[in-house]
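Accompanying notes for the structure given below.
Each chain carries a letter (A, B and C) given by its place in the written order, and its residues are counted from 1.
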Amino acid sequence: MASRLAWGLAVVFAASAPFWMSGYHLYQGAQVLIYAIALLGLNLLTGYNGQLSLGHGAFFAIGGYGASILIVKLGLPYYVAIPLASAVCFVAGFLFGFPALRFGGLYLALATFALAVATPQLLAFKRLDFLTGGSEGLHVPKPGPLLGLPLSVDQSVYWLCLAVAIALFAIAANLLRGRVGRALVAIRDHPIAAESMGVDAALYKTICFGISAFYAGVAGGLDAIAVGFVSPESFGLALSLAFLVGIVIGGLASLGGVIFGALFIEFVPNYADQLTVYFGENAKALPGAVYGVMMIAMMAVAPMGIAGLFRSLAQRLRKA
Amino acid sequence: MVELLHQLSSGLALGGVYAITALALVMIFQATQLVNFAQGEMAMFSTYVAWALLQNGWNYWPAFAFTVALSFVGGVVIERAIVRPFAHAPILASVIVFIGLGFIFNALAGFFFGYTVQSFDTPFNGRPWFGAKFMSAHESGAIVVSLIVLALVFAFFRFTPLGLAMRAAAQNPASARLVGVRVGWMLALGWGLAAAIGAIAGMMAAPIVYLDPNMMGGILLYAFAGAVLGGIDNPWGAVLGGFTVGVVENLLGAYVVGTEVKLSVALIIIVGVLVAKPSGLFGRRIVARV
Amino acid sequence: MSALLSVRGLKAFYGPIEALHGVDFEVEQGGVTALLGANGAGKTTTLRALSAMIRREGVIEFRGEPMRARAPEDVARLGVAHVPDGRGTFTDLTVEENLKLGAYIRRDRAKVKTDFERVFGYFPRLAERLRQQAGTLSGGEQQMLAISRALLLAPSLLLLDEPSFGLAPLVVAEIFRILRQINQSEGVSILIVEQNANLALDLATRAYVLETGRVVVGGAAVDIRADDSVRRAYLGY
């Protein structure tokens, strides 16, 4: 009950933001929502199903580039382009999930790491220049006013992201509450028992990979129209690892946690940038240092992330 | 033809770097069933230490030796202080800790040494020791250094009691402890060795790929590919895999896919091997009777 | 005869679960003590607790002093060699390397060399297979290897966990003949865990019967052997 209230307040708060925030801050808000969607997808895979992906930036890239190409080259509207590109991500994730079955655990981490490192080069591949714009990237027109209302571009993008995020959260929550959620967790915790109870682990794992990639793809597509630009360098290993940081900080297997994670990976680099004033150029190192220390610290003291900390705090308060 | 031989030999030079990096990865894998994702960043940081020493007027080989020694100590300390507490944690937690370590070393390098790309000295000047027509002096030197490292590591594990104890600890820790092997220290020693080997790999690679905080990303990926190709539980398979990846990557880059997408060669090798033959080309089948 | 090893109120735990509930027994200097009992009685657990492989509580006196060693590697350094269940073979290493590991903690090289010869005298078959991968040995050979590895530690106490397990009767007879020789001519004290009570009581000077983590009967091996009711109730023959 309390958590439903918290969610409700969060939604009202988030929805009202365009009335009292503007310009750049609203843009940052949209970024947080976009990251939250991507983290949600990764958390479905890693947190709930126990499959480690170090390469979700690649699916984010497919979503972003896919949507951009459809919009720029085929003239499709974004509300057609993004779902189409995300569907492609689902298929790509599903297909990547197949070999992943055979080499779970550590090998999956290796394969997805390779995917993350190779992605920028693949996006800049010369023979696909006519589609991707090569290393230059692609400019994407920003969407017009939402539903024909008298809104600024930033407001439109923000509310669009919020609406999509709410829908995708609701879908994920529903999925996890039922049989599917129990199966995913059972596969993570007791793979053999799950199999013997008739859970088709292979199917669940590949579909989970597909759904997870779909979420990353939606986020990538929204990111492309929010930023108005895609380029290979923005989809490298750093992005994939930032997603991992996000779910670790927010909390593995936590829906609410991804919001903390998204805030974290959006604002930590931002604040670090401001510190360059004091520390010079080398302050660029700060987000990495914070990420690294936080990841190790989280694993040591709070494997369930910030959301987990809140939960245990709440339980303690209730008992007291 | 000359061009082909040239590509082949420079493939071997980087291949040597991949091979010893893969060997370091496999050493840790054999002992813990884990792959150290921070291996590359640790090596990069070691290389910066050597660079700083050289900048301060040290001669090459003393700087080299000091860096290797310091990296060894660093590896031991990291194992004891940061890796050890997660020994019984799930794989997921360990991988996250390794990635965290990688972030930290990357940040440290950026903070102390900056993000500007630096050139890195080579001790090998003048005429190449062999293959003069096809490779640079540094490439021939790097190949020789890699081979020396491999020979030393082989001799250490094969002929010294400590090397034997490390193999025993990796293979059957419970039994090793019963004969008095301090298994915990063997793991720390393994990390020290891996870090020292990584430092050498970094110092051999830096004159070729140049020094910056992200220089080891690609190298680590190729080393992964080499280790997976050769069999991640087989040190000599991984070494062979590393050399193979070096040559294949260079040839495909030069003649087939173009240098701009060379990294995807590693991706294809990793996914391909894992799909077709997950144990790698030389993954061992242990013969055991009861 | 004085006690080499004296154990009082030994408790042992697997995680939070208490598996031994206060066990008392002794191994005499130069003697052989047998721990008998059915599967799951706590025999192997007792050996593991002695070697500090699992968490333990209670008093363990070795050579008249409390055993302070907290880890298996420290227990080994006190001169306690443990042949674990499953033999603990380093399957990927050669026979020779397995044996070298037995002497890993020793610094008296000359003595180690003569100990190698002595071990080959007991088990000539190992000498023929020095370069072979230990995992390719037969079960009997692996048991011989495990005992040899333990002897190369130059122990004053040898812990043996079911040396007869899974072996053909002829091989078992040979191994027990050699164990007797090791005990009698070298003065190595032995604590042996066996399901095959008859065999163990033949070798032992003292014996204890364990049941669900407790000692139910203990005493001189000859008395245990002679006691029909004990034999029927606990040893099942």
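Here, a contact is a pair of C-beta atoms (placed from the backbone, for glycine too) under 8 Å apart; a residue touches a chain by one contact, two chains touch by 3 or more.
This structure is a prediction, so every number in the text was calculated from the model and none was measured.
Peer 1: Enter the minimum step count from chain A to chain C; a value of 1 means the two chains touch.
Peer 2: 2
Peer 1: Pick the pair with more C-beta contacts: B-C or A-B?
Peer 2: Taking the two pairs in turn, the one with more contacts turns out to be A-B.
Peer 1: If I average the Cα coordinates per chain and compare with the overall Cα mean, which chain comes out closest?
Peer 2: B
Peer 1: Express in whole angstrom the distance between the two chain centres, defined as the mean CA positions of chain A and chain C.
Peer 2: 57
Peer 1: Express in whole angstrom the distance between the two chain centres, defined as the mean CA positions of chain B and chain C.
Peer 2: Centre-to-centre distance between chain B and chain C: 43 Å.
Peer 1: Express in whole angstrom the distance between the two chain centres, defined as the mean CA positions of chain A and chain B.
Peer 2: So the centroids are 32 Å from each other.
Peer 1: What residues on chain A touch chain B, complex-wise?
Peer 2: The contact residues of chain A facing chain B are 46, 50, 52, 54, 99, 102-103, 105-107, 109-111, 113-115, 117-118, 121-122, 124-126, 237, 241, 244-245, 248, 252, 281-289, 291-296, 298-300, 303.
Peer 1: Contact residues on chain B for chain C in the complex?
Peer 2: For chain B paired with chain C, touching residues are 161, 164-165, 167-168, 171-172, 174-183, 284, 286-290.
Peer 1: Which of the residues in chain B end up touching chain A in this complex?
Peer 2: 33-35, 37, 82, 85-86, 89, 91-93, 95-97, 99-112, 114-115, 217-218, 221, 224-225, 228, 258, 260-264, 266-267, 270-271, 274-275, 278
Peer 1: What residues on chain C touch chain B, complex-wise?
Peer 2: 51, 53, 71-73, 76-77, 81-82, 84, 88-93, 97, 100-102, 104-105, 133, 135-139, 149, 153, 166
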